[in-house]
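In the part that follows, the structures are each spelled out as structure tokens.
Below, chain A partners chain B and then partners chain C, in two separate complexes.
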Partner chain A sequence: MTEEVRTEFHQLMEEVRADLVQMGGMVAEGVSAVTAALLAGDIASADQIITADDELDLLSLEAEEKCVQLLALQQPVAVDLRAILTDLRMISEIERSGDLVTNIAKAVVRLLGAELVPRVRGLLDRMREQAVRLTAMAMDAYADRDAGLAAVLDEIDDVLDDLHGQYLDAVFASQNAGHIDTQQAVQLAVVGRFYERIGDHAVNIAQRVEFLVTGQLPEHIGANRARARREQDEM
Partner chain B sequence: MSQEPEASASDVTVPDALAPKDQSRARIDVSAVAAMAPQRVETSTVFECADVDVYYTDFRALRDVTLDVNSHEVTALIGPSGCGKTTFLRCFNRMNDLIEGARVEGTINYHGVDLYQDEVDPVEVRRRVGMVFQKPNPFPKSIYDNVAYGPRLAGVKRSEIDDVVEGSLTRAALWDEVKDRLKMSAYGLSGGQQQRLCIARAIAVQPDVVLMDEPCSALDPIATGRIEELIAELKTDYTIIIVTHNMQQAARISDMTAFFSVQANEMGQRTGELVEYAPTSLIFTNPDDPRTEAYITGRVG
Partner chain C sequence: MIAALVAVATALAVALVAVLVLVRARTSAAERLGRVVHRFAGESDEPRPGEARLDHNSLDEWISYLESIATTVAMTVNLAERDRARWQLAMNELAVGVVLVDEDGTACASNALADEMMSARDAMALVGAGVTQLLESAREGQARSRTVKLTGPPPRVIEIGAHPVASDSHALGAVAVMADRTEGVRVDDVRRDFVANLSHELRTPVGAIALLSETLAEEDDAAVRARLVDRIGTEAERVRHIIDDLLELSRVELEGSMRQEEVAVVPLLGEVAQQYSEHARKHDVSLVRPGPDDASAQIVLQADRGQLLRAVGNLVDNAIKYSDPGSQVRLTVSPSADGEQAPACVDIVVADDGIGIPADETERVFERFYRVDKARARATGGTGLGLSIVRHVVMNHGGEVTLHTREGVGTTFTLRFPVSGSAVSGSTVSGSAVSTDRAST
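What follows is the complex of A and B.
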């Protein structure tokens, strides 16, 4: 039987959790909307998406302010401390994904009039599907404190990475075939990279969820190498 | 790089079973008290507690406590009221002996010597394992005499007492504030100064361990900060075990944290138990036991 003695503190933490889940949802919706705008060459929608990112920025800022208050006033420890640290890291991951959606929206204008062959269109839609799926899964793992779900995200991200590779091949094949010019090809390649990055941010979020639940910081290959070198130097 | 640690002056060699001693054995090495420079010290086990139970007559106040206390570390005992943390603290210098009906079962080894065997002299134990209480409790004497009291009893030469007093007050970060009024009553000091005086008094007899029972609970944040700084400095020379209700304090100053909880039996008797004992950094970031987590995050049953 657990009695709550820090009700206000934990309520505020719940608020931040709800804010982040909402922000994650906005990113997932944004990815779908911006892909539709890109495929339709819909500049008005793209413009709306760019404006909508301001809202996400504001929510990020407000969530961060709440975290600062929690740290300064409540001296969180253990799972509470890990949750707030996770929130802070996640805010920037989500906010960055929002920026990537905006970047794709900006590309809609630049790509106006470019002929997107069916294969490129199909791969864009499949990358959209994977980016949305990864973002939604990461946010579900966060909302439910589900370390098991979080742990599989890295592997699922391989699908998006693979699609990204296929997509680049398709884009440059399309250029070679004369459907698009070099500048359009480069622009499309950059757009593909944005989807891939949104997937990476979802994986980062999942790693933070694992830390939140287990207390273990994610393994980092580069850091492990540096640690090995440092130990070597100390011998 | 693992070389044998060199023996240093601060290495404590106690045994010969804490037997009652002649005066010369209890003599104090003045230079060691005055030694100010902090030094890196290898840690070793000071106390080994195994299956410790404490009874007050028939009532079991604490059960099955097993933990080791390392030298030159601060060990914090935390937990809700009635969890037995102060009872446990008082086991380390046999203060529970002074309570009618109190009984300690299990073993507490101090540098390998069973603290509760018959041959051990509790007075000698209390010289080696000093105590600082919740409320500053200076003697109704001068500042100087408060610190000189223990060394005089221990037979330190008159000519050396001045050095012991200065060294202890310096070590307790009080010397500069009181050096011009040593002959004045200790009662004239502020609460925080009185508490530092009590710490100076405790270390004047050159103990090995200092026990502290909520030493800052009667102090304001500035005085608390000073005591906390002092504790961090003192651990180069002493082993410190502290009971605190202030979890942030435990987090700030301790190396190891023991979390005690209390369990009521069907008769309604409440017995304290050790829930978790781990490095403080772990307890406050990722405790192992859900009861620890519930307590320190305020989701307390």
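What follows is the complex of A and C.
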């Protein structure tokens, strides 16, 4: 690559990186906004959040196009290739988190009029806090190429998983106490699952960052085992 | 012979040419040097006649001139660096974030606040992305601005704007400014809501009294009349409460804490517990407070006793109201050590396991007449002024009130009062001996 082409290449990669950080910000804000809408039963806000997801979809398509352009025109190798592959996988992870925010927004409408007891409200707020935190940390690890931070994210996600468990107990306790009907309880349980999934996507992003920095994925350990078994069978 | 002569002549000619070429080369180098020197001196490129000759005197002159130029350049660079550092530090003092980019869009200057906002990876990343976009269009000559609202909690409102930077219509880049408007928006909300809430709180009972008395005038049934009279009494009581609290609040605001005296905190907590024991019994809530044997029993504050009683009382009143039957409200006092020195503060804590306060309301509960849950607040009979009074009392004593809460888990209010070193004795608190006013029926 000539010097000029290289600069252009890195500038485009930098743009993709900025796009991804922006998308992460949109998810973090989306989770906060949709939780506020859910707790306040605010349908107008929920509608706005559903519309705002189009923006995220557009941005992810644009970022994807940039990645394809980089792959097709510059034929990157080694670290650069890994970086673009990471970006491509990350785009879909963040985009999925955005869809989950939209799913929660749709549930706001279905849950209108449901009485959320303080314990359920408190746990929703704590799940919001953890989901936002995990997303921001994953984006931090990505933007700073911080494999160490990425490695601890999985453990931090346990907090959210634990809250999710407590939340389900609280929802069904509230149903048993007659505050909400079965349909509402199921809807609330599904909402809890969405928060938990947003955390999982953040962990996936962190794993991609680890791959980017170290060239290793957690799946590699399992894959190596499978490969060893296959070789043994052949012998 | 002739051949030899020719050879010698040729050799001479070649040598002469070589010398001429060498001299010429040195002369042209000297000429270039002369031109450079003149350029540094800010004079014309053309050497003055006779100066460009290879001449030892002028060479020495030029060298010493170049040396002086090197010194001047070093000084100028140093001054420029200091100037830049000064601008950077001054920019860091600004209450707004500033980013300056050149005509290619490369950032050439930014202040600390901007760096912080631009490097955020949570929802604040939207501010960074917005700034990048606005700078892009500002570089093309179009000034734009935008407001970014973040839900939080805590909610943030950031106003961003970008302007082209040009000198005589020659584009030099663009500048972006990001300003945190959160406080301004909040103050506007408070002002708007205060007037609405005040008129609502006063009008409702007064309107009810008017309506009830009208009905009363036309009613003959003794039982109904008795009920109406009872309702009028309740509503009148409500107005009286609001007026009392308003007066109390304005007194606390105006007076400050004039009557400072030594207040033993643990007995004061006992007094509050006594005062609200009936209230607690009604809600089946137990009040837990340190007993006279507790290590914290020695803690003494310089304070206005009446105000302190009122502040802690208001918190206990709230805690009982918003607690589930069978739960506890805990009163504690402890010195909060500031480093290894004598404790700098005393914390009075009122904690409950009640319904808690929604995260996005915690900033606003100290406002006058602010209600988290309008319907419930009326049912519990508060005036909406209790926490405003608490905040003012603590402010009068130079302290601060903090609030930790989670819906469905509970709420903890901490009143932190600064103390002079001698005012606190018994700085070790074990928190073991507590007496419980179990108020179950």
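Assorted remarks:
Convention: the second predicted complex is superposed on the first by the 214 of 235 C-alpha atoms of A that agree within 3 Å, B and C clash if a C-alpha of one lies under 4 Å from a C-alpha of the other, contacts with A are read in each partner's own complex, and residues count from 1 in each chain.
Convention: contacts are C-beta pairs under 8 Å (C-beta built on N, C-alpha and C of every residue); 3 or more make two chains touch, one makes a residue touch a chain.
Keep in mind that what you see is a predicted model, and the values were worked out from it rather than measured.
Once the two structures are superposed, chain B and chain C can be ranked by residues of chain A touched, with C on top. In the superposition on chain A, A:A131 makes contact with neither chain B nor chain C. Of the two partner chains placed by the overlay, neither chain B nor chain C lies in contact with A:I198. Residue contacts after overlaying the shared chain place A:A36 against chain C, while chain B stays out of touching range. When both complexes are overlaid on chain A, the residue A:F9 reaches chain B alone and has no touch with chain C. Using the contact criterion defined above for the overlaid structures, shared-chain residue A:R82 touches chain B, although it does not reach chain C.
Only residues 18, 21-22, 24-26, 28-29, 32-33, 35-36, 39, 117-123, 125-126, 132, 135-137, 139-140, 143, 170 of chain A touch chain C when the two sit together in their complex.
Contact residues of chain C toward chain A in the complex are 120-126, 128-129, 132, 150-153, 354-356, 358-360, 406-409.
Residue ranges of chain B in contact with chain A, taken from their complex: 1, 247-248, 251, 283-287, 292-294, 296-301.
Partner chain B is touched in their complex by these residues of chain A: 1-6, 9-10, 75-82, 214-215, 234.
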